[in-house]
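Below is a structure I'd like to ask you about.
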Amino acid sequence: MSYLGDLLSTVFERRYRKALSEKADDQTTAELCDALLSSQGDVSGVTLARSLLDRYANMTPDEKLGFFEYLATQLEIVPDDVQSTIHAYCAEKNRTTYSAFASACEPKRQELARRLNQVPGATGELVSMRKDLLKLLKARPELEPVDVDFKHLFASWFNRGFLVLRPINWESPADILEKIIAYEAVHAIDSWDDLRRRLKPDDRRCFGFFHPAMADEPLIFVEVALTKGIPNSVQALLADERVAHPAEEADTAVFYSISNCQAGLAGISFGNSLIKQVVADLSHELQGLETFVTLSPIPGLNRWMSQSGLEVQAFNTQALAAHYLMEAKRHDGMPYDPVARFHLGNGAQIHAVHAEADTSDNGRKQSNGAMVNYLYDLSQISQNHEQFVGEKSIAASDAVKTLSASVAAHA
Amino acid sequence: MSYLGDLLSTVFERRYRKALSEKADDQTTAELCDALLSSQGDVSGVTLARSLLDRYANMTPDEKLGFFEYLATQLEIVPDDVQSTIHAYCAEKNRTTYSAFASACEPKRQELARRLNQVPGATGELVSMRKDLLKLLKARPELEPVDVDFKHLFASWFNRGFLVLRPINWESPADILEKIIAYEAVHAIDSWDDLRRRLKPDDRRCFGFFHPAMADEPLIFVEVALTKGIPNSVQALLADERVAHPAEEADTAVFYSISNCQAGLAGISFGNSLIKQVVADLSHELQGLETFVTLSPIPGLNRWMSQSGLEVQAFNTQALAAHYLMEAKRHDGMPYDPVARFHLGNGAQIHAVHAEADTSDNGRKQSNGAMVNYLYDLSQISQNHEQFVGEKSIAASDAVKTLSASVAAHA
Amino acid sequence: MSYLGDLLSTVFERRYRKALSEKADDQTTAELCDALLSSQGDVSGVTLARSLLDRYANMTPDEKLGFFEYLATQLEIVPDDVQSTIHAYCAEKNRTTYSAFASACEPKRQELARRLNQVPGATGELVSMRKDLLKLLKARPELEPVDVDFKHLFASWFNRGFLVLRPINWESPADILEKIIAYEAVHAIDSWDDLRRRLKPDDRRCFGFFHPAMADEPLIFVEVALTKGIPNSVQALLADERVAHPAEEADTAVFYSISNCQAGLAGISFGNSLIKQVVADLSHELQGLETFVTLSPIPGLNRWMSQSGLEVQAFNTQALAAHYLMEAKRHDGMPYDPVARFHLGNGAQIHAVHAEADTSDNGRKQSNGAMVNYLYDLSQISQNHEQFVGEKSIAASDAVKTLSASVAAHA
Amino acid sequence: MSYLGDLLSTVFERRYRKALSEKADDQTTAELCDALLSSQGDVSGVTLARSLLDRYANMTPDEKLGFFEYLATQLEIVPDDVQSTIHAYCAEKNRTTYSAFASACEPKRQELARRLNQVPGATGELVSMRKDLLKLLKARPELEPVDVDFKHLFASWFNRGFLVLRPINWESPADILEKIIAYEAVHAIDSWDDLRRRLKPDDRRCFGFFHPAMADEPLIFVEVALTKGIPNSVQALLADERVAHPAEEADTAVFYSISNCQAGLAGISFGNSLIKQVVADLSHELQGLETFVTLSPIPGLNRWMSQSGLEVQAFNTQALAAHYLMEAKRHDGMPYDPVARFHLGNGAQIHAVHAEADTSDNGRKQSNGAMVNYLYDLSQISQNHEQFVGEKSIAASDAVKTLSASVAAHA
């Protein structure tokens, strides 16, 4: 499909776009944006959009900053128009007044993004564009409204209903697999052989969300190990020399790595949906599975301990980790640990904590080697989630609570 | 894929959704909407969305009206919030103030639609929902703002960049083909045999746009005949007994029928893109093709003649049709004929008019049997389009201009 | 794939085959066969094969007869060569002597068929060729050896390991579905609406075997109804107005029609494998299924009754049908009824017989309206099969045995 | 497809095969073969075939030898039966006598192989079986007739008409790509990065033949470089740091590596068809291509020079290579060089020879660094082929002839 598609668009380009694009080369970026926004129908729109995206791709960092400033200032709402249209709409509610108001409230940069998105491949290019923008925000907070608009658009385009779950395995295309290697954020994949060990054995799975308009780019993926019993060490789980077991014999599915792939989609959450869908898939395929659990890092543990006054020596790592996960909170009452926030927010509960579970340099550094299992119990998820969101109460096994309490008692 | 997907979702439903959906059954529609809008993450959101869509599907017309009134009044913007947030934003431009403003300007019904769209199949159901709404608007103009929001959302979701062009032929799935039979709007398809005559012969083609989230629903499709020379009769073109020619011998591609399929996507235009893409495809595949032309109805001819003072008897149908297409205008200066507006707006030109070209009852009734060829000349399209939009000038062949002038001279 | 493939081969034809095929036009069929058999490598072989197949397709019946006579006489084994090579092989067994023997034993027409099969689409054309041949055999028994060779080749090419099971449903390509309508041999499908009733409802399934080299031609297909309990009437099963049930609620899968599609593959049996594979598929997909059963015609009942001396009036149809299925035998001891031979040979057992089960004209005519359920009990299939093949004993339920005995007692 | 297929067969295995396979475990291999050959229908055949293949897979080399000896001696033709049936057939030619003859001539091991092939995956296992056999032949020439039968069967099964040409690129499944790395026989691929350099750039292509029953195993593949002009150095062609050019700008397609993948298919030639098909594909896709040429090794050059009496010092490498390709012959008059035999047999001609074209150790060793371009000129292929096969005359450019003659004149 894409192969033929490439052929066709190539021919099309040659025969049809040449004149228009030559004209585009003489225009400033602002003129091109104006032209694209005022094009009626898409006779010339596609060519303009392609020219603009190509031009953006070749911009220097300074030129990109200039482009975003143009979006922020020139394609901005006009407050007076908002005022006048909201008055008119309040006076008489009909299609015309409401359209005028809606139009006044939405900066033209949103329509520009939609029009840029007409051309094949544009969706991914727009996601990259926001990635560039995000890097500039700290130094240029005046660009924040532009980011709000991007995020708003992307939340609509990357709606769960448009995403496709695909298994990623050793039969997947190499161009996708090399991205898995690149994007793995939790436990680095150091070679194609390492990748094969995570994808090919019968007791390993991987799934990702994809968007149809970015078919070769995973948005997020999760790596799963099928085991007997709940594991307490990621090094054991990923050992080079381990022997694979038949998937049918597993009773437990372990989510040991979840990686977001697209920096340009920051703030648009897919993880919750992904885990839930994978639980559904796997529980259908392998009816021996009874337990769905993570083996997760505790990235904030050591940072928090160094900030708190706890006398660490008095407690073992396991107890400290349990205590940290149960008790360490942000100002808003939410857990201090970002991974805990994610899984507890999804309705999981803290099932067990393990010392000496990640003995890598990174594992030692962030959590003194401790890891945690978050348990996804479908019958409890909804209730856990509500209580977490509502009362900020954290679901945990009795064992974890007891461990945590042992620290609290002495602290 | 969809087969396995069905299995999975079925299992998933059974194990996970039961408790939640039972709870949903006890709630009012407004309560469900509130719950969906306030759900954080999508743990319960998917279930709520499914419940709400199921409930809508089973509503009586009165209940649907009630639902839309709820959207119009309860999930409406709050003008005071718009006022206060625009003031705050003008005072200080940052992420917080702009987010507050953007949120105040967008009625909650838009977010509701996005959240409903989380579940598989929802996109099509939402398109149907707007179809229901459109029928109510004449009697209930106060619902127009709701439609403006639907249209705004759909324009973003059905952006050209997300559409897929697929050939529709005799190897296409029957469930799509039965929709082609149902949706054909120009020259009715009266049986599967008739359909086969339009799809199977080597000198016939059909293409449609599809959206990935509505994979078995064409959005728009165009039927094409490959011919030697430009045809002047649709009955000859579609004759049951005609002999097919090898596609390779054709020099002309004739677009003889374009049908929009989704009433719920009214106002979101795909036709221009479709024709252009099909021209590109065909010109690549069949390098003998030199001419891309329509054989189009003239739906407004007789209506206009009965309104105008023209003494029809004095002129032949062909000349009258040319005159009508060139000269009959709406108040805004655009052509009176809707099909002419579409093709001229795409940058086509009027190439030829033919009497006795559609001898069906409908053809006689609407245009006294006359039809027209609009020519898509890639080298002229952009210029034609700009002149049409800018100066409202109509591109036409000398022959058509001469014919039209013959009437003008005597009128 | 096939679309692009067509393009490519078309271009290839034009540029490469022209000279060779013009040369081919001047040769006799025998010369073409000689040339194809002596071509080394396939530089010219593909062109010769295509020319020969095209020529065959355009032959009159008499010319086809001539072609088969040529195969029978000119591309025949040479007995003296068989004699001399078997002697040489017995004298010294090595690659050379055995190759010479194998070559002498195989008529050149087999190699001709393999070389014809080089070109795309040839497999189907060769199957059609045998179909033509089969029609001639009664009048021309001297052609039987040619048919033996065809059958031998096809048994190798259409080996179970090369066949693909595909579900056939309302999403299948129309060009395959129109063949289902054409090939249905048991209960005729009278329209596309009728076809949809058999494919689209949730409680209906259809599966076929396909060969990769004849991808749009089913070889055999079976239609399945999912029911609660075992049905006793095909009219009830296929009633237009019946209400479909959710597939998940079914406890029984009923094979109510099995149709072979390719006359040219006569004698190469697929039915046994098909049923077994479908049982496996369905039992995986729908875990509520407990019973796999047919609702089968009894095509030989009335013919046999008119031949036997049974005083029919004394017995009811049901008892007579049971008696016939249990007791009516050919000279070789096998059941007289062809459908019974098929299912009993597969290891099924006679489960129940029903009067008034097929009230169509054909049903009345062949079996006075009686039908039979053959039960596929996976735990018994192997044993049933062995006893049927070995001892010619027929597995049946007690109820059927009792019914049958009631006739025997009085006969 | 394969994913669901796996599920299904797994379930099927569990429920249906258990009893039969347990029984199989108690039988000798000969008993299993007997049982498989005498099974009627495939009720038990599939299980027996699976058991036999599993048993073979676990055999020691000695046991495999024993198995092949069993095939050679116990499943051998019976000469007396051949004699009696050929007599009977000569006496009266009909279906019965011919079938008896055909049956007597074909050793039962052929039918055994066909029955083994019933189970999914068997085709590849049978190809591996022959690979094992081939290794034994030198020491055990009495097994040669078994190999003749294998080869005969495979020639029928792997007929050109059943093969599928597939592009192999950076979007291909990793499990196929790792085989490309493993099977590359001409210019080794030393890493995934190296592989990507051969597959991903716009001016690189790779194509392979696949058989539907061995879908993840290439049979043969060819690597292609798209260039401007004909290259004279493989190191330059494959340089890590080279810059890719747009495919559209190329005028030449260079076949620089052709690798057979399946040792078990030795003697069954795919290369000719592959090259021809790839020429057709590429010439359609890229209409700027004018020249199709190889950059081939000359593997026999140095071996031959050390055997011949030529005083090498007197000539340069280029002239010697030309002379060798034109004049060095086997006893049968065919070229001494195996690669030359292949390409000249396909109808190519010797276009140019280059010194310092392969400066790798292997290139130096086999041909003193010389390489050759064989030209595939579609208008000459057929004539070249016929003259090569018939008169053993070698087509070459004038330049090559002159070079060769310069050596001959002095030799």
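Note that the chains take the letters A, B, C and D in the order they are written out, and that residue 1 is the start of every chain.
Criterion: a contact is a pair of C-beta atoms (placed from the backbone, for glycine too) under 8 Å apart; a residue touches a chain by one contact, two chains touch by 3 or more.
This structure is a prediction, so every number in the text was calculated from the model and none was measured.
Graph distance from subunit B to subunit C, where chains that touch are one step apart, equals 1. Placing every chain at the mean of its C-alpha atoms, the farthest one from subunit C is found to be A. As a whole-number value, the distance joining the C-alpha centres of subunit A and subunit D reads 47 Å. Note: centroid distance subunit A to subunit B, computed from Cα atoms, is 34 Å.
Centroids built from CA atoms put subunit D at 53 Å from subunit B. Each of the following residues of subunit B touches two or more other chains: 3, 7. Listed in rising order, the residues of subunit B touching subunit C in the complex are 3, 7, 10, 167, 170-175, 177-178, 192, 196, 199-200, 216, 248, 285.
Of all residues in subunit D, only 7-9, 11-12, 15-16, 19-20, 40-44, 46, 79, 82-83, 86, 89-90, 93-95, 98-99, 101-102, 105-106, 114, 117-120, 122-123, 141-142, 144-145, 147-149, 152-153, 155-157, 159-162, 164, 212-213, 269, 272-273, 276, 280-281, 283-284, 345-347, 378-379, 381-382, 385-386, 389 touch subunit C in the complex they form.
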